[in-house]
Amino acid sequence: METNLLSLIIFAPLAGAVINWFVGRRVRDERFIGLVACGSVAISTIVAFYLAFNSHGALRGEAPLFDHIWTWLQVGTLRADFALAMDRLSGTYALFITFVGFLIHVFAVGYMHGEAGFYRFFAYLNLFMFAMLTLVLANNFVLMFVGWEGVGLCSYLLIGYYFDKKEAGDAAKKAFITNRIGDWGFILGVMLTFYVTGSVTFIANPAAGETAQTALSFFTNQAVDPFTLGAITAGGATSIALLLFIGAAGKSAQIPLYVWLPDAMAGPTPVSALIHAATMVTAGVYMIVRCSEIFVHAPTAMFIVAIVGAATAIFAATIGLAQNDIKKVLAYSTVSQLGYMFLACGVGAFVAAIFHVITHAFFKALLFLGSGSVIHGMHHEQDMRRMGGLKKYMPVTFATMLTGWLAISGIPIFAGFFSKDEILWKTWSAHGIGSANKVLWIVGAITALLTAIYMTRMMVMTFWGKERFDHSHVHPHESPKTMTIPLIVLAVLSTVGGFIGVPYALSSVFTDRDVNVIEHTLEPAIAHTEQAEAHSHDEIVAERALAVGSVVIALIGIGLGWTIFKKRPTLEMPRVLENKYYVDEIYDAALIRPIVAGSREGLWKIFDIGVIDGVLHAIGQAVTELGRLGRYLQAGFVRGYAAIILIGALILIGLFAYLGMRP
Amino acid sequence: MEPQLSWYLALSAVLFTIGVTGVIIKRNVIAMFMCIELMLNAVNLTFVAFASFFQDVTGQLFVFIVMTVAAAEAAVGLGIIIAIFRNRETLDVDEASILKL
Amino acid sequence: MPKLLTILILLPVAGAVASVLYGIATKREDHHKWIALITTTATFAVSLLLLRGIGASGAEFRFEENVSWIGAIGARYHVAVDGISLWLVLLTTLLMPIAILSSWTAIHKRQLSYYVFLLILESAMIGVFVSLDLLLFYLFFEASLVPMFFLIGIWGGQRRIYAAIKFFIYTAVGSLLMLVAIIALYFTYHTFDYVTILQAMQSNPLTGYAPVWLFLAFALAFCIKVPVFPFHTWLPDAHTEAPTAGSVILAGVLLKMGTYGLMRFNLGLFPEMSRKAAPVLITAAVIGIIYGALVAMVQPDVKRLVAYSSVSHMGFVILGLFSFTEMGMQGALYQMLNHGVSTGALFLFVGFIYERRHTRMISDFGGLATPMPWFATLFVVASLSSIGLPFLNGFVGEFLILIGMWTSTAVGRPWVVTMLASTGVIWAAVYMLWMLQRVLFGTTTNPENARLRDLNPRELGLLLPLLFLMLFMGVYPRVFLDRSKPSVVVIRDRIMQTTTGGSYTTVNYNSKTE
Amino acid sequence: MRLLLAQSTMPIINWALIAPELIVCGAAVLVMLVDAFVKPAQRWITGGIALAGLALGAAATIWLWASGTASYDAFNGMIVLDELRLGFTLIFLLVSFLTLLISTVWVEGEQLPAGEFHSLLMFATVGMMLMASGNDLVIVFLGLEILSIATYVMAGFRRTDVRSNESSLKYFILGSFSSAFLLYGIALVYGATSLAQPLPGGTFSRIIPGTTNIAELASRVNDAQYPALLFAGAAMMLVGFGFKIATAPFHIWTPDVYEGAPTPVTAFMAAGPKAAGFASFIRVFVFGLPFVVSSYSNAGGNLHRAWVGALIVMAILTMTLGNVVAIVQNNVKRMLAYSSIAHAGYALVGCVAAGATSDPAQRNTAITAVMFYLLTYAVMNIGAFAVVQVIARSGDRRTSVEDYSGIGFQSPVLAFALSLFMLSLLGMPLTAGFMGKVMVFGAAIDQGYFALVVIGVLNTAVSAYYYLRLIIVMFFGDRTTAWIAPPIPASVALALVLTILGVLYLGIFPGRVINGLQTRIESQFFTQR
Amino acid sequence: MLVLLFILFAGMAIGCALAVVAQRNPLYSAISLIGVFISLACLYVMLAAPFIAAVQVIVYAGAIMVLVVFVIMLLNVEEEAHQRPRLKFLLPLAIGLAAVLIAEVAFILVSVQQSPVTAISNGTDVGVTHSIGSALFTRYLLPFEITSILLLMAIVGAMTLARRSALPPNARVVPGAQVLPVTMFRDTGLPTHDDMRAVETDSTDEAARLLGVAELRDQSKRE
């Protein structure tokens, strides 16, 4: 069904950005700018909710909503429109993006108070909302790529917001280039998809006269690729899936492209909350789920996704253990949680992935904002070793972050518990990949343990213990309302948000109705792996057991963290962890330096100047030398000239005579 | 027997060659000039020889014209020689070699 | 407008003559830029009339003028535009006023001759794009060398003489061989007329080794002009040493002569040879893309960096041309325009800071964003369009080229080519952002940089059209693509329909790459 | 028998046919007379008379062209009337006209005898015209000698200048040396082309004497009595003409003589005598020793193959040597001398085409191409030398390249004019040189000499270096020493205007001229009287 | 009989020709050249060309050679003996080339020899004055007239070149540009020709002396 309100969702923030950029820079009035920014996002939020939940909304009705704005590219057989589609998946996504985004905007108004580049910041932030929503609502790969690159650009701009700080600039550059590597894979995936399916559209829009067969629906009746390595280069679904996964890995900070995310913390904290925790980094997950139709036909790709996800999860968690910068801890925790989501995708639990995305958006945004509040109160101090005992100074922040902590650690009734538990269970119960799923489950479980530990460490170092900062300079204080209110809202959400996805196994304890809302919402939009959703008895038992197990794990983690760090908050952590396994250094030494040096010395100096120009100059020299030789014919002596003429004459006569004598 | 045509041709060829050689090895301008005259005379011999063997007047007329040309060349050539001698006080052609390379 | 094209060609010349007369009459030096500006703007206005004539239908030539020029050797004055040349003409006429505005204050000495040369150059460039008579084309093609030679040599940088000679001789060598080929074609078909030759070729095609040599001669000339790796070394020198306007026009228009020539003459006249040569040229293009980017990355001189980036971008154009798919060739044409706009703009930015600081070394800059915010912003935008960010022009061209290449049948493993070529997009981000980082961001270390003034209205004004185009071409390319489609399709079909050789049917979907 | 002889060969006198020669000759004599009787102050009158004479001559030529349709000859086949002659005659007249324009003021400035100079120039013109119009080797030889002797004197005209002396000395010695070769060649051809007819029933055979008439020559090539002599003679004539048109290795005199001679004379020598050499070369070889159809076994075929082959080699050598050596020159006149060698090579490419073809139409096209090329070369070359002369000042003092440094914007007229001529010599489009090259190379390609043409264009690329060098020196650098812009005399200015317009006209709208020069010599051999 | 005469005169001609080349003193060369002319005249007589023979003696030996000898006397040149030998390689080269030339000519003459033998019918009147005259004024009228132009022009040229002070006395001579290459002035402190003062002289040597660059000029002559 065609509705032009959809475009309002994306264009409202764009308008906000434009207004802030051109008008805001003139009227340097924070209230105006803040109003424009938050207002525009608020509009899209309202519209999003309306379109989602009205009588035949995207999340209630069966038919997705379409908005065909204009035909963008139409060359040969390629047709890529500027067309939006809001089905259940993108609808869900749009909802929490707009909502969380709105909250973070509000928070930022307080946080960025008094900044010189206030207007710039909010222009970028609105622009980001535009790009993100475009990414989500796009109805074809190419437009999705527009948003995909757009969010990359915005994160580049926002990370580099303090452009006069070198590390900010470096981080921004690093983020953009790393994302570019991912985008390379993504765009290639798109091309291969087009090559194979002849279309780049997601959902056929009858109104725009599109054929029923789209890039996704093309696969529904294709055979599933074999579960072999050979499938990777076969140019089929597996190849597509892997190429797309490269893109996802870049955007969602998976091994080996995760390195940009921790550095991205150089940006202002709201940015970290919005872009690098809640929304942009989950775009990879969204894309995979959007293309689930392709992925389920590519078991090899799925397996690789799962492995990478699990590896990232545990890898980042270990690093997170040892960080002292409060934002770095959260950053690595984000990477780790993203790993979880990819693990979920990898084992075919797409719904669980989305579920975790949402809950994660809530509590991680909460944690980031809380840390922002802390940093704000500590006069931009980020090192936890110089904090401690803050709970009496900023009670609201403490209370809200407490919920976030419990949520991420996986304590029941908190949002994190359900989603994480779902993922672990789906991993455990996944089949088709031999016994590897058990290994994956163990990895996930250990990650959960580590998560609990380092989050506890963070909380302890920040809020408990004795105050390690000197009171002469630092006067901790609670943040203003604009900041605390979003915190509270998010705290509530991360407390109750989990109940949209209570699995049958747990809900059946109390009621017989299946209350797994999210699953029912997303079912139609997601491709199905073959295992059916049969709530057989022993499965339910197993799931419950696992749930209990994960609770135990969480509790153990918290306990460990408490016992270890309560007494010695500033405990020295292993150096290798503190230095993030020296990954950056390795990249630098193994890739960047060789390439740069090779290009400068080898390609430019030696080949370009040396060889190519050398050859040219050699030719020129040769001609000139020839000239030098030639001019020595001209010795200046008449007799010599006569002799030369005579020689020429003799040669001519000889030639002619020879030819003449020939019979 | 009588002298054949080819004898005369051979003789003129020899004279021509001697003239050519002279032009190359003589250093005195006037001497070179005389060698050129020698070459012209060799050619004249060829003409006359052909003319008389063909009983044709053309060749002899050619000789006639060649002589005129030789005279003209002599006049101009000697004029040039005198002019250059005024500036250089020498007739050595090898001295006249500032225009080179 | 019957004589529109002739007017277009002669208008700048008229301006030049007027300028000379004015200079002789009054010894004033400082009014010529006005004359030049008015003339070029008028030319642009006139050239806009071309748009009316060319809709999205039909590939035939419009605004055709075909009169005998040299009866003795059957050379004709045959000019016309189709969907391909239309945009290149417009690009030329658009860039000229901008170039003149860019040298408004930069050029102090010998303004008269400077602007006269610019105007003559414009005529030559327009002539190249509209002439359909081979001899006429060659005439304009070569004639465009001379003014550029003077522009580089007189108003250029330190190594200007070396650059000028290199530019001239390098390009002349190639085009002279093309002249031989043109004459050979003349004695084969007894006409210089492109259209007539095309028709004649249908009935009696070239045989034996003739097409090979002719193709090579044409290709060499154009590949040097483009330039295709490894003929590119004249370009960094010429671009770097030329005055800003010169660089803008070099990058914006002169390079397009090469790609235009390849498209119009090599692909048009020798379809089968083009197919045979495609693998070679595609290889060269891919090498050029990566090589140019890598070398650009390590340039200490901003202008050189942009110059090498041109090598990389033109590689994309060649790639698209020789993919022999509609997408690829449309993308190639589009990329020509994009490159003209984006790289032209980049050279303008370099010119601005050079005018202020009289250096182009990256190391001399840093933190320019603080003193000159507008400059920084627009510079970033231009760089992003050159990187190929979606919704800016660069993306459309590169995406079409790459997807065209992947679906191409010109080479055995198109996907390998595409994968390699598309790394160029990554490299572009690397060198551009690195450069921006070092020039714009960070703290202003050098006190001289701290005092720099931001763009003045003139500079903003001459940038705006380009920036607008970057955005517009990015979000609504149909305006351009629809008009060029028929002409491109004609050329493509001629290549594909020639039966001999491997099977060149269009891509069959649902089939997987080998 | 004697009577028979007398009657059979009554002179066929047709003054109209040699009207141009007569007019120019008369003008020359008139110049001398006037010069003898006017006061030194009014010497310029002689220049005026000379110009008028040349103009009249041109008028007569055009009249001949308009009146005479078919090509026919007079004076017992001594003089021929065809487009080849007329076209070249016009070129010669143009060259002399321009040379006069640039030299009259110069002569006065150098305090040289104007009358003698002008009359000599006129006589030289007559010589050139005879070389083009002669249909008999004797006329060709005489014309060549008149031209040579006149130019010997003109080269040494600045008697007090040692360079002038030396150049005229070298020119004289080498010139007469090579013309001796030419003469020997003529003699051998004369002997060789005799025919032996066996007498009825006798051991002896009656002999038809040899000929020097080019048309008869062509008819006898195949069954000459002494083919060997014919070959040797042809070779030696090739030496003689090669010397005149300065093809390697007979170019050796050119640089020295051109450098030493007074600049206007150099301009004349580079344009006129070269063209004359080509005229008589085409006359003698292309029409005298033509491509004899279906005769590749016997003498005619062999001979044709021999001289065409030799010509190809000479063309390549000439182009390459001229261009390559010109690169390393530092004296502008010398540089232009080498460039003139190179251009002779380009023109030879056209001659190769003219000689190689058997089809009269194609041959005519090729000959026209050569004529057109020489015309363009004459125009741009004289223009260039005019500028050089103005810049060199009295006594040819400033002729080294560094003398031109940075004068570009200090005397813009001269500099831009010179640049235009340089670009034209280089063969850039829109200039005469380009069209000339297109014509000759086209003719060669038509005959399938691709390699030759490719070498030609590569040479053009090489030549770009030294032509551009002058432009670079003038414009791209700044002058260190002081520069006083030299005055441009009115006549020289006129010459410059004419040449510039000519270069542009021939470069942009050459069609008319090409059609005008188009030769229509249909017959394989000439009609014999 | 005729053969003997031929051998005699041919021998004389070749001998004198060799002498022309071999003699160091141009005067002797001139004398021996006259010898060549006379022996050629005799051969002409043998070839039944009496008129040409006469003209040969009168014009060549008489007029031209006298002019040459006159010039030699006028310029009283020193013998080559006093001059430093130079370009020695030219002598063997020339002789070698001469050998080649002879060889080629012989090669050609062989073929002439092979051609059908032909008779000389004596008693022909081709060579006599009458026939030459009639031919000269009928068939060869035009060349004959042209020779007059040639001679006229030769007179003009010779006069122009040779007359001593055709210009107003003491022509203006600027040695910097005339004799001495500019490069020679670079290393010396002397002014280059651009701004060199002009001097009034007869000959360049004198000019060089006046300007104090005589020794430089001698160097340039020596090298």
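Think of it as A, B, C, D and E in the order they're written, each chain with its own count starting at 1.
The rule is simple: contacts are C-beta pairs under 8 Å (C-beta built on N, C-alpha and C of every residue); 3 or more make two chains touch, one makes a residue touch a chain.
If you're wondering where the values come from, they're calculated on a predicted model, not measured in any experiment.
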{"item": "Touching chain C and also chain D, the following chains", "value": "A"}
{"item": "Path length in the contact graph (chain B to chain E, fewest steps)", "value": "1"}
{"item": "Highest-count interface - the chain pair sharing the most C-beta contacts", "value": "B-E"}
{"item": "Identity of the chain that, by mean CA position, is farthest from chain E", "value": "A"}
{"item": "Core chain by centroid distance, with centroids computed from Cα atoms only", "value": "C"}
{"item": "Centre distance in Å when chain C and chain E are each reduced to the mean of their C-alpha atoms", "value": "66"}
{"item": "Centre-to-centre distance between chain D and chain B (centres being mean Cα positions), rounded to whole Å", "value": "25"}
{"item": "Chain A-chain B separation of Cα centroids, rounded to whole Å", "value": "98"}
{"item": "Residue list for chain E, restricted to those that touch at least two other chains", "value": "87, 90, 93-94, 97, 101, 104-105, 107-108, 111-112, 118, 131, 135, 140, 143, 147, 150, 153-154, 157-161, 179, 203-204"}
{"item": "Where chain B touches two or more other chains at once, by residue number", "value": "9, 16, 19-20, 23-27, 32-33, 49, 51, 53, 55-56, 58, 61, 65, 69, 72-73, 76, 79-81, 83, 86-88, 93-94, 96-100"}
{"item": "Where chain C touches two or more other chains at once, by residue number", "value": "none"}
{"item": "Set of all touching chain pairs, with the criterion as stated earlier", "value": "A-B, A-C, A-D, A-E, B-D, B-E, C-D, D-E"}
{"item": "Chain D - residues contacting chain B, complex", "value": "138, 141-142, 145, 149, 152-153, 156, 159-163, 165-170, 172-173, 176-177, 180, 183-184, 186-188, 190-191, 194, 207, 209-212, 255-257, 259-260"}
{"item": "Complex interface listing, chain A residues touching chain E", "value": "637, 639-640, 643, 646-647, 650, 653-654, 657, 661"}
{"item": "Complex interface listing, chain B residues touching chain D", "value": "9, 16, 19-20, 23, 29, 32-33, 36, 39-40, 42-43, 46-47, 49-51, 53-56, 58-59, 61-62, 65-66, 69, 72-73, 76-77, 79-81, 83-84, 86-88, 93, 96-100"}
{"item": "For the chain D and chain C complex, residues of the former touching the latter", "value": "408-409, 412, 423, 428-430, 434-435, 438-439, 441-442, 445-446, 450, 453-454, 457-458, 460-461, 464-465, 468, 471-472, 475-477, 509-511, 514-515, 518"}
{"item": "Touching residues on chain E, where the partner in the complex is chain A", "value": "87, 90, 93-94, 97, 100-101, 104, 107-108, 111"}
